[in-house]
Amino acid sequence: MNLKPLGDKVIVEVLSAEEKTKGGIILPDTAKEKPQEAKVIAVGSGKTLENGKVVAPDVKAGDIVIFGKYSGSEVKVDDKEYLIIDADDILAIVK
Amino acid sequence: MNLKPLGDKVIVEVLSAEEKTKGGIILPDTAKEKPQEAKVIAVGSGKTLENGKVVAPDVKAGDIVIFGKYSGSEVKVDDKEYLIIDADDILAIVK
Amino acid sequence: MNLKPLGDKVIVEVLSAEEKTKGGIILPDTAKEKPQEAKVIAVGSGKTLENGKVVAPDVKAGDIVIFGKYSGSEVKVDDKEYLIIDADDILAIVK
Amino acid sequence: MNLKPLGDKVIVEVLSAEEKTKGGIILPDTAKEKPQEAKVIAVGSGKTLENGKVVAPDVKAGDIVIFGKYSGSEVKVDDKEYLIIDADDILAIVK
Amino acid sequence: MNLKPLGDKVIVEVLSAEEKTKGGIILPDTAKEKPQEAKVIAVGSGKTLENGKVVAPDVKAGDIVIFGKYSGSEVKVDDKEYLIIDADDILAIVK
Amino acid sequence: MNLKPLGDKVIVEVLSAEEKTKGGIILPDTAKEKPQEAKVIAVGSGKTLENGKVVAPDVKAGDIVIFGKYSGSEVKVDDKEYLIIDADDILAIVK
Amino acid sequence: MNLKPLGDKVIVEVLSAEEKTKGGIILPDTAKEKPQEAKVIAVGSGKTLENGKVVAPDVKAGDIVIFGKYSGSEVKVDDKEYLIIDADDILAIVK
């Protein structure tokens, strides 16, 4: 993939129904805050703290994650749709 | 369970009436801010402070807790419903 | 009591008219911000500052306190009603 | 007085017309933000900074002060009315 | 003057038309944010930073200043009107 | 170019359809938050942290970037239109 | 000029059409956030960070600058109009 996210941004590919993990995770359609299941494609170097340290996101390319707020920016690369989201919007990793 | 919460997120299982602790705790139905009783299932590594330190949540898997705001994200794993909440929304541990 | 408050939470028991201290303190019914007199039942370990230090609340179990905002979460244990409030909402200790 | 304010709280007694200082200070009735003249009765230990230091309020019991916002909590002790306010709401000391 | 401002408060006397400096400064009546010309009467010890240091205001008694927001508290001492404002609301010193 | 951005500002030239990279990136017209593809022209020295350190933006002149919020200030230099944006509004670099 | 800006304030003189730099910079009349071209007249000593350090603005008297938000305070000195703005509102220097 030819996109490198900056700062605490993470590029994810939202999983379609048939791509979803076999872990039995179901995200309710009716939830007020729609959580989404996605695959991490690329990860920024992290957030810069006020003391100058950079904190890398807790996820890496290939992780399957659940993120809580559908507020990212859509982008289409090589005919695939991706979402650029904040690392802080990722709630959990599917092991 | 195959979900690993990130940062200061905590995965809890809201207790049904018959699963509730025998400690005599009753959470009023009519309260404006509905507190909930739940069992902690998994705990993130903690919140990162501005000096780079990570502060682990004060709860661990298995704890029975009361949390104050019903604002988490619902997720269903192996036919059980869970809630992913912020550690700061947990008010107290039932001993 | 079988509830352990977390962080800067404090569990209090709001005093009924006949339980009130004999110090002559009267909290006006008509005040816009209703202050309440209560007995401290249990105290969390404190608030975590950005440098990682934990600052314990300035009250301890048994203190009679006045707190300013009626914004806690109600909980009933062994048929007694309690309120879980923030330590910062406590205005003063009755000596 | 049997009330000990916490943190940066200050207990004051609002001065009635005849108790006011002879310094010639007049607070306009019509001002949008009604400043009040009051006598400091008791002072909390101070505000805790993010580095853990406690900064004591700049006033002491007995000071006559002007405070800017009428937003404290009323309390009546031994038939006298007091106000519990934030130290930051005190604008000036009457010398 | 018998008022000692606290913290980053500054007591100023708004200049009347005939008292204004001869520097040729004119503050437009029609400006949205009405800047005011005033004489500094008394200055607080300063703002306390999060590391505990106190930063004294950049003005001293006698300075003629321009301040940007008419949001202070009016007070009348010995028949003269004053305004207690925040040091941060002072835009410039007239030299 | 004769404009030097300050602080964490970045001057970019929004790419027209025919100038766009051949990487196959398509930014949907209908997205709520319209991401834009642009070429970085000049970069400020960076954001000043609370400890006084300056953190340089993660992009350099010549980079092709995607930025998420169309909130910059338009400016025209030598008949070309540019946008002055915040470095934090840049989501990713096109490699 | 007899005005000394305080803190991170900067006094600028908005350039009229005929005074504008010959660099070919055109600021669109229709832009939502109207950028302005101006000459820096005087610069405050800078912003005080939470650790007590003062960060001087990145501009000096004589600089031609572009600033993004028309939110300063107007002042007229010796029949010339000036604007007192925040240093952070300056987007770029015209070289």
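We call the chains A, B, C, D, E, F and G, going by the order they appear; numbering starts again at 1 in every chain.
Definition applied: a contact is a pair of C-beta atoms (placed from the backbone, for glycine too) under 8 Å apart; a residue touches a chain by one contact, two chains touch by 3 or more.
From a predicted model like this one, the values you see are computed outputs, not experimental measurements.
The chains in contact with chain B and with chain D alike are C.
Separating the centre of chain E from that of chain G, both taken as means of CA atoms, is a distance of 23 Å. We define each chain's centre as the mean of its Cα atoms; on that basis chain B and chain E are separated by 51 Å.
Separating the centre of chain E from that of chain F, both taken as means of CA atoms, is a distance of 41 Å. Along chain D, residues 50-51 each make contact with two or more other chains.
Taken pairwise by the contact criterion, the protein chains form one closed cycle in which every chain touches exactly two others. Listing the chains around the ring, anchored at chain A and oriented toward chain F, produces A, F, G, E, D, C, B. Taken together, the chain A residues at the contact with chain B in this complex read 23-28, 31, 33, 35, 49-51, 53, 55, 58-59, 66, 68, 88, 90-95. Considering their complex, residues 2-7, 9, 11, 42, 45, 48, 50-52, 71, 73-79, 84 of chain D touch chain C.
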